[in-house]
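Below are two complexes that have chain A in common, paired first with chain B and then with chain C.
The block that comes next holds the complex of A and B.
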């Protein structure tokens, strides 16, 4: 009987040894054939595959593998793979504002040696800026993003509100929007109808342009390592007070989370919503009778819209850096970028496509006119989120502050508290 | 006096009813919403009326879609397969380990057992990176092996079995040895048949653990072929939208499986836990 047990043990050990021996390696450079693996987000995976296919056809020695992960968990996955120095991942799909984090940890390769200035010129100004950190190029932008103001035509008509025009020269002020949203009364299907909401309620992406519209130019210090004095500036506090008033003084905004706001608008419970230009297609599908207008600004301030989106970077641990850089160059410019835009419909990152959208007759009518307006905004009024290696903490602290403000906390108190937490965290990034 | 008693009962019933409502309403909302068209989910949410909890426009499309569009057939198969194989291997390996800890004496036993205890107290996040490295160098990434093998050895299950084995009277082992039985035979011929309750408890622990496991499958697999249920549900929360009705439908089905298992096996489950704790 003892013999049997030993046999089993020997069996297990040899199995493990065989498995170890079988360790496979992503791409091997010597045979001329290269496999490039992209760690991507699930919703965009199919489009990435399709664009990569165009590249494969031109470069028969290259095979592209796209591994997809749920949106909310992509970063977690990449973090583990990069911390494990896993060479099997070559290209990473990265949200723009987290690039400084990837760069400061040494996870991604600077691309200045692989991608020259003529390529950078194809990207829109704001997106070229987003992928440049401390003067070095770290990624290629795939999308941009912008916001527009949507309104429900029927609710406005019912409440006698003159709708805003889709004309950047006749842009409403926030004061005018609030005055009109206050007029919204009554119920639909027995449900309360609200005046206004931000799609990404309490999220930094949509809310910092409020402060930027009031004149805030920097939200963190130039090296990205200090938030005190920037994130709690008087403009940020004023923006916070505006949010507080929306929820608590004027009570025109429902206290709901960001993943419910669009459903409120789709089901006719919201008169105005500031949302992504991409929402237009969904609102149309949901059968809402809506119109669009440019995002409002504070009277005395200037119009500012958010921007920034997904990028592709090359892993420091990849064994095929040069090949990877060529692939992302293809995907983010020219033919690749065009195909990507046709498939995804997101606001593009190249100047050429942004201008084309504004000229194309298809983009004169709803729902596509939202993209045309967004393309204009992206080129004229957009401001990036702050560049800091501690962006994830920064964002979650700002989100938290705005959530507290929604619940009635004094904006100065909420932001001061957040700044303290952020600066503690940013301390870690100082050498 | 009588009146007071009745009043007391009434109050306690009322309190219980309120508690039941608080617990059940969210579940009811999730069930209702899974039978609604996607646009209707937040339509009746404020103010809360009967319509919030009773669907007016019943549709099974969410349930249909998760199988036709999102491939939940394969996903359920994967999760069951991974769960059942882990249970089978886990019960065998862990009960043998516990048997050794309980019956044999060897040098360093206490330290080794202490390490076993530690393994189930360390949060998974701490070992995620080294584990990924090991599994990746074994070539297991994106395979069933990655989902099963690292999870087979389970400190908590070893602990449960050991507690149970420790309570078995020594005389059983002695007389069996006297009659010439090998340790191997004592293990599978005497000890295992006695351990039914603890085996069921352990099996449930392992199965439910795998059923609920999220972070490891997320890290260790990426093909649709090996996708398990928790990771699949996460894909309903997309960047700009949440597919609520499918998310609700999938989570309802996900709740049902462990709930049914517990319902049928709860008698043993409680027994198993109680038995392992009692010292004579």
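The block that comes next holds the complex of A and C.
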């Protein structure tokens, strides 16, 4: 009966081998039919599918699959797939400033062999810059982004506040905004009405322009490998103090998370909000009586707005690189870009669409006028986020510092601590 | 015929194979990976010896995590076990409708921890959360809860206990029902009071169930990170930055798999030591 025992053992071992040894083959380029998989962010998944559909109609051999994850989990998910050298993901939806991170880790394929210079010229200069790292093209920009100041007309009227004008020459200062937001009193449906909030509360994207408005030019060293002295510069600390005051001294900003802020504005609990130009359509749908104005600046400083947004890159481990590159070229230029803009309402990445926005009379009226204000800001006052291979760590530490500042921590202490962690982590990118 | 000596091992084989593949092999794998560091500059995995451990030992954030993890566990494990034991004793009473009460205490178990975390975040929102609305209407000051480095950890202890007590009580209830009622009757005849019954009968006969609950609860709480991940991101000011959260951050934010593996290895060692102590203390004397 010994034989039976061994037979069983062999059975178990082979079962285990089958269970652990399975590996998917990725696409099947040989048969002529190709399936391209995009790892994307959940909010944009439907629009990506819709634009990809246009491509599928023209290329019947191509099927596009979109796998979506919430914003906060997208990078982790992509990292797991890329670390495993998994060929099942072909295209990655990547936030612009994290591109150097992906590139330095060797996760994305340079696209210079697939996308030629004539295509690059279709993108606006700042977007072409964002996707170019050390002279190589690593992704295609899907859109740019900018911010505008929204205000609730009824709340302002009730509190006797003269609204700001939608005129870049009559831009408010932050000091003026704070003074007016302090006047906001009263309740709406039994709940307190607040003065002002940043849509992306405590996120680097919206908050570093505060420091840039105060004169900060660099947030990391030129090689992107040192943050101390840059991310905790006196301008950053001053910007941090401003945030601390909004929450804790003047108490005009509610301590809520980034996914709650727009609801506060939509439901009439917030007088002013700095938000993405794309929010205008949602606020209109929510029935808010609102107006827009350019983002304020610090008196004595200069106006600065954030920019940069989503891009599409090709995974190093994809078996369908050339097909993937063709798809992202379609999606980021011409017809694809137009459809994307119509669906998402974000600031486009192509110069052609940017010019169209500023000419088209449709964009003179709310809610679409937010896009034309954003287009102006993007071309005149925008500054990119820092370029560093450790961007993901950098951003997570800056976000954490601002989170702590909101909870009342001294800005210098919060930023000094974050800088220490960042510089530790940046060590590994040095030669 | 297979000699009878081997028969028990043969029955254990499927479980051992499973344990080997899914627990023991990954643990060794983690140890070996913790000796390597991935160089992004050369795109190679370099052998660095104990460097990952040394960098952790010299990092104040690591020591803060150790402190937070131990503080969290020193409070939450005894708290959960004592409450679960108390609850099990109450649920063991033969009163009318006890089935209903037993079911009620099972409800928190059926809510997944991420969902519970999100719900508690809403309830504890400092601006318009339910708890603060009640507090202010009773004339108390509104509390920052998860936004305070003095309160956040204790809020998480509360939430994890709310969810954990009913679960661990089920195991202890099963243990209590195994205690022969004849023993209590005999003790009553000898004139023992309730407290003496508890100390001389219930507690000694419950040691096996208690050991299991203590060990399993300790492991669960050392590995707990969902509430920190969802509600506080380890903050404010790293006050909820437990080792498990720090590991996840090292692996998936900072892309430091080597450091993450080193942290996991240290966590395994800490858990093993504590479980060893617990098993020794709760060892039945018979």
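Keep this in mind: the second predicted complex is superposed on the first by the 388 of 431 C-alpha atoms of A that agree within 3 Å, B and C clash if a C-alpha of one lies under 4 Å from a C-alpha of the other, contacts with A are read in each partner's own complex, and residues count from 1 in each chain.
Here is the rule we use: contacts are C-beta pairs under 8 Å (C-beta built on N, C-alpha and C of every residue); 3 or more make two chains touch, one makes a residue touch a chain.
Just so you know, these numbers come straight off a predicted model, no measurement behind them.
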| item | value |
| --- | --- |
| Which superposed partner A:396 touches (first chain B, second chain C, both, neither) | second |
| First, second, both or neither for A:86, with chain B first and chain C second | first |
| Which superposed partner A:254 touches (first chain B, second chain C, both, neither) | both |
| A:43 touches, of chain B and chain C: first, second, both or neither? | first |
| Partner chain(s) touched by A:67 [first = chain B, second = chain C, both, neither] | first |
| Which of chain B and chain C A:425 touches, first, second, both or neither | second |
| Partner chain(s) touched by A:76 [first = chain B, second = chain C, both, neither] | both |
| Chain B versus chain C as contact partner of A:262, first or second or both or neither | first |
| Residues of chain A that lie at the interface with chain B and also at the interface with chain C | 1-2, 5, 16, 20, 76, 80, 83, 191-192, 254 |
| Touching residues (chain side chain A, partner chain C) in the complex | 1-2, 5, 9, 12, 16, 20, 75-76, 79-80, 83, 104-106, 191-192, 254-256, 389, 392-393, 396, 400, 403-404, 406-407, 409, 414, 421, 424-425, 428-431 |
| Parts of chain C lying in touch with chain A, wherever the complex brings them together | 1-2, 6, 10, 13-14, 17, 21, 37-41, 43, 55, 59, 61, 125-128, 144, 147-149, 233-237, 249, 252-257 |
| Chain B residues within the chain A interface of the complex | 39-47, 49, 51, 128-130, 132-133, 136-141, 145, 182-185, 215, 218-219, 222-223, 231, 234-235, 237-242, 244 |
| Residue numbers on chain A that touch chain B, as the complex places them | 1-2, 4-5, 16, 19-20, 22-24, 41-43, 67-73, 76-77, 80-81, 83-84, 86, 88, 189-192, 254, 259-260, 262-264, 266-267, 269, 276, 278-279, 282, 286-287 |
